[in-house]
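The data blocks that follow each hold one structure.
The same chain A turns up in both complexes below, where it pairs with chain B and then with chain C.
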Partner chain A sequence: MATGPKVANTREDLLRVEGLTKIYDGAVKAVDNVSLTVATGEIFALLGGSGCGKSTLLRMLAGFETPTKGKIFLADEDITNLPPYKRPINMMFQSYALFPHLSVWENIAFGLRRDHVPNDQIKERVESMLSLVQLGKYAQRKPHQLSGGQQQRVALARSLAKRPKLLLLDEPLGALDKKLRETTQLELVNIIEEVGVTCVLVTHDQEEAMTMASRIAVMSEGYFLQVGAPDEVYEMPNSRQVADFIGNVNMFDGVVEVDEPDHVTVRCDECVHYVGHGISGNKGMSVGVALRPEKILLSKERPQGEFNWCEGEVVEIVYFGDHTTYHLKLPNGKVIKAQEINNTRDLSCGLTWGDRAYARWNDLAMVVVTQ
Partner chain B sequence: MIKLFSRSWMIAVYIFLYLPIVTLVVFSFNNSSLVTVWSHASLRWYTVLANDADLIAAVGLSLKIAFLSALMSVFFGTFTAFALNRYRRFRGRTLLASMASTPLVMPDVIVGLSLLLMLVSMQHWLGFPERGLFTILLGHALLGTAYATVVVTSRLREMDGKLDEAAMDLGCQPFQVFRLVTLPLLVPALVSAFLLTFTLSFDDVVLSSFLSGPGYSTLPMVVFSRARLGLNPTINAVATVTITVVTIAVVASSFYQSHMERKRKRDIALAYSDKNQ
Partner chain C sequence: MAKVQSFMRSLTQGRQLVIGVPYLWFAILTAIPLLIVLKISLSEMEATSVSDMIDWTNGWPTVKLNFASYLFLSSDTLYFQTYLSSLKYAVITTVICLAIGYPFAYFMARSPKHLQPMLLMMIMLPFWTSFLLRIYAWKTLLVSNGVINNVLLSLGIIKSPLLMMNNSFSLLVGMVYSYLPFMILPLYANLSKLDLRYLEAAADLGTSPFKAFWLITVPLSKAGIIAGSMLVFIPAVGEYVIPELLGGPDTLMIGRVLWDEFFSNNDWPMASSVAVVMILLILLPMALFNKYQAEQSEVKV
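Let's look at the complex of A and B:
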């Protein structure tokens, strides 16, 4: 089902983090024993809600926070105790942090000047950066004379100008409005891939993580819940929390009734799930069955067979334009969501408030989670 | 009705605030040697002022002290503010914070008196310092540092700490961060701290009276002592000159500020009018 990471695992690891822990004030564990490796050229996303420790982890990579325990290696060199100005790592800040008193040109040249790069090389490098982010004609403007999207690109150019081994992105699109985000997202990935820099990005927006990253780490309370390619994390969440956090999900609680190598059935209060593959549990175990709304089909006719359907009453219809979400209230009071694509101009299944409807799904649509 | 009331209230307040100053300016052009009796307009007292060596020396001394003490205040105030804001925890931080702001609330008389006592005993034991320009300077710098600290602190607080981090990220060592990022952004605050402490020093009579020695009379001290002997229209002339200078400075700076504000708004409008975002 999953295609695996976009970057082959045979590439060498650039960043290696071992057992990194940050404890604030001797009590609050912001980051709890995190280990990870990032391959050269990879875009790695740390995804989580606020306070999950993703920013602290990023700040430790940049050198703004000292880890309480653990080690950070960059290209096999221990950089755990290097100050930020000695690390071959650059960061793009969420608020961009452009220097307001310097022009776009000087902002981009700032890092190069600190390294005493000769002037002609600075000029060359800054100009290539400006053309990379297509801001050549704004070189002499001050940051406040630019729009949000332009500022974001200056910030990117500035963080790439020193050709860092590792680029850190802190909520790279957080400050842009929705329309601009979509175009900027792809533009950002294109630029990063063109430069070929390895990237760790932090975001709370799953869409951003999924479209930009080749691997995602879902973080909660300071540790990684799951690390994997975007489709892996979405289609095969390894726990309730991950299923819940990434996208929408209907969760059924049940007990494994039949446990065979090629299929299992899970009896829930609402229905019986027939799962078309084996699971790593055993008979009698209580499990959760996660089912995404877009994998449910609604109809007015009662489906055949005894598995993978349930009956309910339409209590809410939410129209999104491209799709519609129906809230179905099951006999035991549980409400599930089903998403139907509006592929014709009249509402596809002709359901309205108060209708009886049947929800069905196929035997590979759901994921059994044990925690 | 309410409008009428509020308008006349406003006019009353303006009269209350500015009538004395207007009177002073008008009477500086009075020919009579009696301050309160108008005879006819003349520049007589400006001529007298131009020949009054004491008064001119006092103006010179005041300007000199104000300039130097403002420089010292801004220098020390900036570093105090920086220490209090950028280094979160160090021994004696609370002590420094409260000490730095004490002169703001302490009555000038107390500060002046205690400084005088200290200086007198210092001179007794060490033979240094002689009371005069230097001691006045010290007193004014002490007071000014407290004010400058407050001004710079408020600017540092509202400054984005991420800028420091960005500078460090791009290869600045801590002192370079200060020199290349923090300091340039502090310039407006430093200018206002300088103007504020300059004015404070130029205006001060209490501390100066305690700390000055023979031959060192600042302008406010001279005005004050002459006023006790009976007012002399020369004082009006001095005051008018001062007011003129101050007014020009204030008007110029507010013009400059509104010009910058308009420019900023234009720039922002320009940025957003571009199709290429």
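Let's look at the complex of A and C:
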């Protein structure tokens, strides 16, 4: 699933956050005791819905919010109480915040001028930034004369011009339309890798997080639910919440019946799951079984054996072009989703509304979650 | 289709009607009176009618213009000096208003949202009392045996009364006091709309709050500064009441000259030409400024 860059394990930590907490008005915990480390060169994504605390966390890293508790270290230096203009951190703002009264050139040079970089070096640096984001011929334009994608690239160039140790991206692609977002995602990752800057990125878009980040932290109500590589978070969610938030999932509730080191079975109301690996639980425990729609196969024939299938009625067919999602109503009323790839130009399994169908999956398709 | 077209036509007609109202307003209340003033300034007497000014003796119309008042205007240095002193006081008033009004508007815009209507109210509160009354009130404060001098004398801070009345000091106090709200209101409207993310972006790029104010806040509030300055400068040039009540012999302003020409000398053509030159004096810098602005904002590709 992940196309983002992988990190070597030997890299040193650049950013270290310890027990960071932000409480608003003495009561609302926006960020609740968060600790994390980000290695040099890593692209780290904070993923969560609105109000999960990801933006507050980012703003504390930038210095716009003062933490109620906890410490922030950048390259082993405590920067918790440093004002934003003294941090070697730059941020690309959501909807960019380009200075409207300055040209593209002056926007990019803005940070360098504040550091009293000599003029010839400013010129050199700005020009290399402009060619990096391929905006050389737009240097004298004002921000409002550029398209959304161009503004985004100016914002990136401006935040990279000072060669920050850490780059913060606040919903970097949120203001772009879907098609542009896809191409810009890869472009952005390429530029970041070329420069070799460490990145913390905030997004509510799981696709953006998965394609761009080397590690993702799934946030909810101010704390981290799970931190891991994109494929890890997707294929091995550690809780119902994570499984639910990342992608689509069918959740079955059941009880562990057989608990062996190499396999377990979970009896649910709808079917019996045979899971081809051990779990950290015990017999009789209530668990959830998470099964992704794309891992389910539909057919009209009844599958062999007693495990990992169920029967239902097709109640909804949603056509997406590249795939079709079937909604299957099980005898107990539960509706599960199954995704079939449209690898021929016929509808793949010839199912239509009201058909009886069998859903089956293999014994490594699902994840047992205990929380 | 025809229905749609007729609807569109009625729509554009309606639109023209709506746009036409302010044009009509402008024509009746500004353009026509100005043309009348221009006409009087170019006639021999106020009573000269337009038809009297057109001469048909050669078979085609020749307009007889009387430039006598303008010539007199340029020959007597009193007028020139009065114009200059009017501009001087208007500029000083504008600069002082900006210096006081900008921080005022800035802190108003940054104060807690629930306090802002009250602060705005306090700016407008003086308008509840007559303008004349408030200028008279300044008189009682500033005269030699007025409130300020009496307090300072009784405290022993000064030995003899300060001369604060009927000079340029009292004139400027009155002008700044009267015109300050016109500076603050457009500045407040502008500054309260400033997107604070620009300041965050500036801080993020290494700018201290003090520098960010000069590099971001001030340039982005340029429109408010210009609007406020115009609202103060233009009426200040032609101000009559304040110099009359608070000014002295050495603070002659063009409004006073205008009044004298109209009501003491009863020389309407002369008064009209004084007025026309005053309008030109205000319009020319504005036109030049606008042209400069337009050139500045042109696309450089």
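Heads up, the rule we're going with is that the second predicted complex is superposed on the first by the 366 of 371 C-alpha atoms of A that agree within 3 Å, B and C clash if a C-alpha of one lies under 4 Å from a C-alpha of the other, contacts with A are read in each partner's own complex, and residues count from 1 in each chain.
As a convention for this text, contacts are C-beta pairs under 8 Å (C-beta built on N, C-alpha and C of every residue); 3 or more make two chains touch, one makes a residue touch a chain.
Treat the numbers as computed from the prediction; the structure is a model and nothing was measured.
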Would you mind checking whether chain B and chain C clash or fit side by side on chain A after the superposition? clash
Quick one: is A:His101 in contact with chain B, with chain C, with both, or with neither? Answer first, second, both or neither. both
Touch check for A:Gly149: first (chain B), second (chain C), both, or neither? first
Touch check for A:Lys178: first (chain B), second (chain C), both, or neither? neither
Quick one: classify A:Gln140 as touching chain B (first), chain C (second), both or neither. second
Considering only touches as defined above, state whether A:Arg345 meets chain B (first), chain C (second), both or neither. neither
Given the superposition on chain A, at which of 4-12, 58-66 or 184-192 does chain C overlap chain B? 184-192
Taking the two structures together, which residues of chain A meet both chain B and chain C? 62-64, 83-85, 89-91, 93, 95, 97-101, 110-111, 114-115, 141, 145, 158-159, 162
Taking the complex as given, what residues does chain A use to touch chain C? 62-64, 83-86, 89-91, 93, 95, 97-101, 103, 110-111, 114-115, 137, 140-141, 145, 158-159, 162
Which bits of chain A are touching chain B when the two form their complex? 62-64, 83-85, 89-91, 93, 95, 97-101, 110-111, 114-115, 134, 141-142, 144-150, 158-159, 162, 180
List the residues on chain C that touch chain A in their complex, please. 195, 197-198, 200-208, 211, 216, 219-220, 222, 299-301
Residues of chain B touching chain A in the complex: 160, 162-163, 165-173, 176, 180-181, 184-185, 264, 267-268, 270-272, 274, 276-277
